[in-house]
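The same chain A turns up in both complexes below, where it pairs with chain B and then with chain C.
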Partner chain A sequence: MPTVTYAGRDVELNGEGFFEDPAQWSEEMAPEIARAEGIDELSEDHWRVIKFMRTEYEEKGTGPTVRLLGKTSGVSVKELYQLFPKGPAKVAAKIAGIPKPRGCI
Partner chain B sequence: MTARVVILGGGTGGTLTANRLRRRLGRQEAEIVVIDQDDRHLYQPGLLFVPFGLARAEDLTKSRGAQLRDGIEFRQAAVEHVDIEAAAVHLADGSALDYDVLVVASGAALAPEETEGLTDTGWMERVHTFYSLEGATQLASALQGFEGGRLVVNVIDMPIKCPVAPVEFCFLADWYFTERGMRDQVELEYVTPLDGAFTKPVCNEKLGGLFAEKHIDLVTEFNTGTVDGQGGRLISYDEREVAFDLAVVVPLHVGAPFVARSAGLGDELGFVPVDVHTLQSSARPNVFAIGDAAGVPTSKAGSVAHFEGEVLVENIEHLLKGEALVASFDGHTNCFIETGFRKALLIDFNYETEPLPGHFPMAVGLPLLHESRLNHLGKLMFQWIYWHSLLPGRNLPGVASAMPARGKRHETAA
Partner chain C sequence: MSDAIEKVSIIVSKGSLEGVYPALIMANGARAEGIEANLFFTFFGLDAVHKKRFEHIKVATVGNPGLHVATMAGGLPGMSSVMTHYMERKMEKLDIPPIPEFLEMISDTGAGLYACKASVDLFELTKDDLIDQVKDIITVGEFYELAAGGQIIFT
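And now, the complex of A and B:
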């Protein structure tokens, strides 16, 4: 289980790079995680998605899938891929410090 | 006072719930009404076999009404919406029906129009689906006329009914073209939004091995944005492309359209949020959901509806008597996976336990997560069991609602 430092604080990640404990996350960490994911600057739209992921996780215990994000976040799936080219649900979940969305059974 | 239980949907979940309930409650205790828009009950597991000429479409359907016991009213009508505040079902003909208890058993519907290009040029000609009777029948003639090239099987996104069916389709296609002596002229490719062939690690590894053995290519984490039927390509949202000569697509699934029109009843996709152990709606205590219509984190499959049925009926009785509900549904799922050449795997799992190898603890001891002829026979026999045991709402000997822990070997994926 790797430990990394974001915004001067140690956090634990799982093998796939998702937070082990979402409570360790804070907003100041997001820009640093984003840079590691190839996103140099977080725009207002990025933040809208990140905050949405966070709220959904807190309410439902899991982050939404891309399809649900497209239906409920106010940002279309196409735009989501422009914002997070490597995969909106996964990358936004990483930046938001929540576990990998379990969209599928 | 006689309570009225209204069941929306006369498919697997609705039929077995109505029959179980009728056996347990006297006619003075409850009136049971099942509503469906047509009288054609389709044996959905049979759809997989139609494209390969292994089942005939006309053998897969029976009357819905005829599957219900005496003392259950079957009403053929389309539902406009449900008013959960007033506890009334509004029908398309303008009439309304009050209920004391409502069971939403209206399954999942296909939404091919939600994917760009899917229903345009080439739909049902070069781009097919076996998830409907019409589609499976069309695909049978397309496969017959297929002279070789790239056959691509694509799941657009989860959730879908029977998540192993598209995998089974690949295995059966491998067998089908081998039998026809043209397997070397067909490239088979499975394109999925998941990061592996299946959703759970140990099973994933086993299926991944079978894909390699059978020379079926696997493309993962592919989120189809556009289907170009004319140009013969799938295009993902992150702009990757997969070319095909023939595509077999599993379209997006949504809940029954009336759920979306019923304020407060469903979620964003039209499935009904329920307590995952009691199956009671999160919105209203006198509303329940079963089977594919329910928003629970397990597979959308007939076996799930069967295992849920036992718990659901018990809970309806408790509710009518003013007692506390039992929270005993554990997410139990049980599926045969056809692997071709008259063999199949069996998987058995629940919310907590992923599919593991071992054997199913009953007299015959079917092997789990292991290819065998016995499992293939089990799959074929299941059609008889479906009509004669499962729909009538009988418990299957040796197969309980709760997942058996015995017989499973706890391994982890490498």
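And now, the complex of A and C:
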């Protein structure tokens, strides 16, 4: 279980780089995590997705899959992949400090 | 992480519901993981990208022991439609999209959809018979070029 420092605070990640404890996350950490994921700057649209992921997780206990994101976040599947080329749900969840969404669709 | 899969090319050779869905789910799932994905539709799998047929993909009710329907009963007229309708309702509840919507979504994820030239010729089709998401009609050689450096999955 690696410990890394984001925005000056130690956080614990699992083997895949997702937060072990979403409560350790804060918004200031997002740009740093994003850079490690190859996203140099977080646009307004990135933030819209990240905040949506966070809210969904807080309400439902799990983050949405790409299909759900496309249907409910107001950002289309095409745009989602432009924003997060390495997998919108997966990468946005990592940046939002929540566990990797589980789901096959 | 060095042995992580970075690219998959999935061949769809069957035109039944149970033949098409696994390939679409695998392609979509690959893209969700950030894996590059291509779909290659060949032989009866072409029905999945055929404008007039892709909304009418059916469950095979004969020669499908997993369905647990007696072969004679499976062959009754309308059986395939009834079973397909039943499956589609169940899938809708799980938010698994219908094939046309699923193909559009997969295309939007950046996955490439291709049709097999030999099959297109065999069934006397043209690009116009295929849905717009099909990027190209390609030869087997071109498929291998496209698939180079990745995994190939045949369904």
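Quick note on the criterion: the second predicted complex is superposed on the first by the 103 of 105 C-alpha atoms of A that agree within 3 Å, B and C clash if a C-alpha of one lies under 4 Å from a C-alpha of the other, contacts with A are read in each partner's own complex, and residues count from 1 in each chain.
Everything that follows uses one rule, which is that contacts are C-beta pairs under 8 Å (C-beta built on N, C-alpha and C of every residue); 3 or more make two chains touch, one makes a residue touch a chain.
Keep in mind the model is a prediction, meaning the values are calculated, not measured.
J.: Pick one for A:Y81: touches chain B only (first), chain C only (second), both, or neither.
T.: both
J.: In the superposed arrangement, which partner chain does A:A30 touch: chain B (first), chain C (second), both, or neither?
T.: A:A30: touches no partner chain.
J.: Examine A:T65 and indicate which partner it touches, taking first as chain B and second as chain C; both and neither are also allowed.
T.: Touch partners of A:T65: chain B and chain C.
J.: In the overlaid three-chain picture, which partner chain does A:V91 touch, first (chain B) or second (chain C), both, or neither?
T.: In the superposition, A:V91 touches chain C alone.
J.: Show which residues of chain A both chain B and chain C reach, each in its own complex.
T.: Overlap of chain B and chain C footprints on chain A: residues 65-68, 77-78, 81, 85-87, 104-105.
J.: Enumerate the contact residues on chain C facing chain A in the complex.
T.: Interface residues on chain C, with respect to chain A: 25, 28-29, 31-34, 94-97, 105, 108-110.
J.: So in the complex, the part of chain B that touches chain A is made up of which residues?
T.: Listed in rising order, the residues of chain B that touch chain A are 157-159, 163, 193-194, 199, 221, 223, 225, 237-238, 252, 268-269, 297-299.
J.: Would you mind writing out the residues of chain A in touch with chain C in their complex?
T.: 65-68, 70, 76-78, 81, 85-91, 104-105
J.: Can you tell me which positions in chain A touch chain B when the two form their complex?
T.: That would be residues 65-68, 71-72, 77-78, 80-81, 85-87, 102-105 of chain A.
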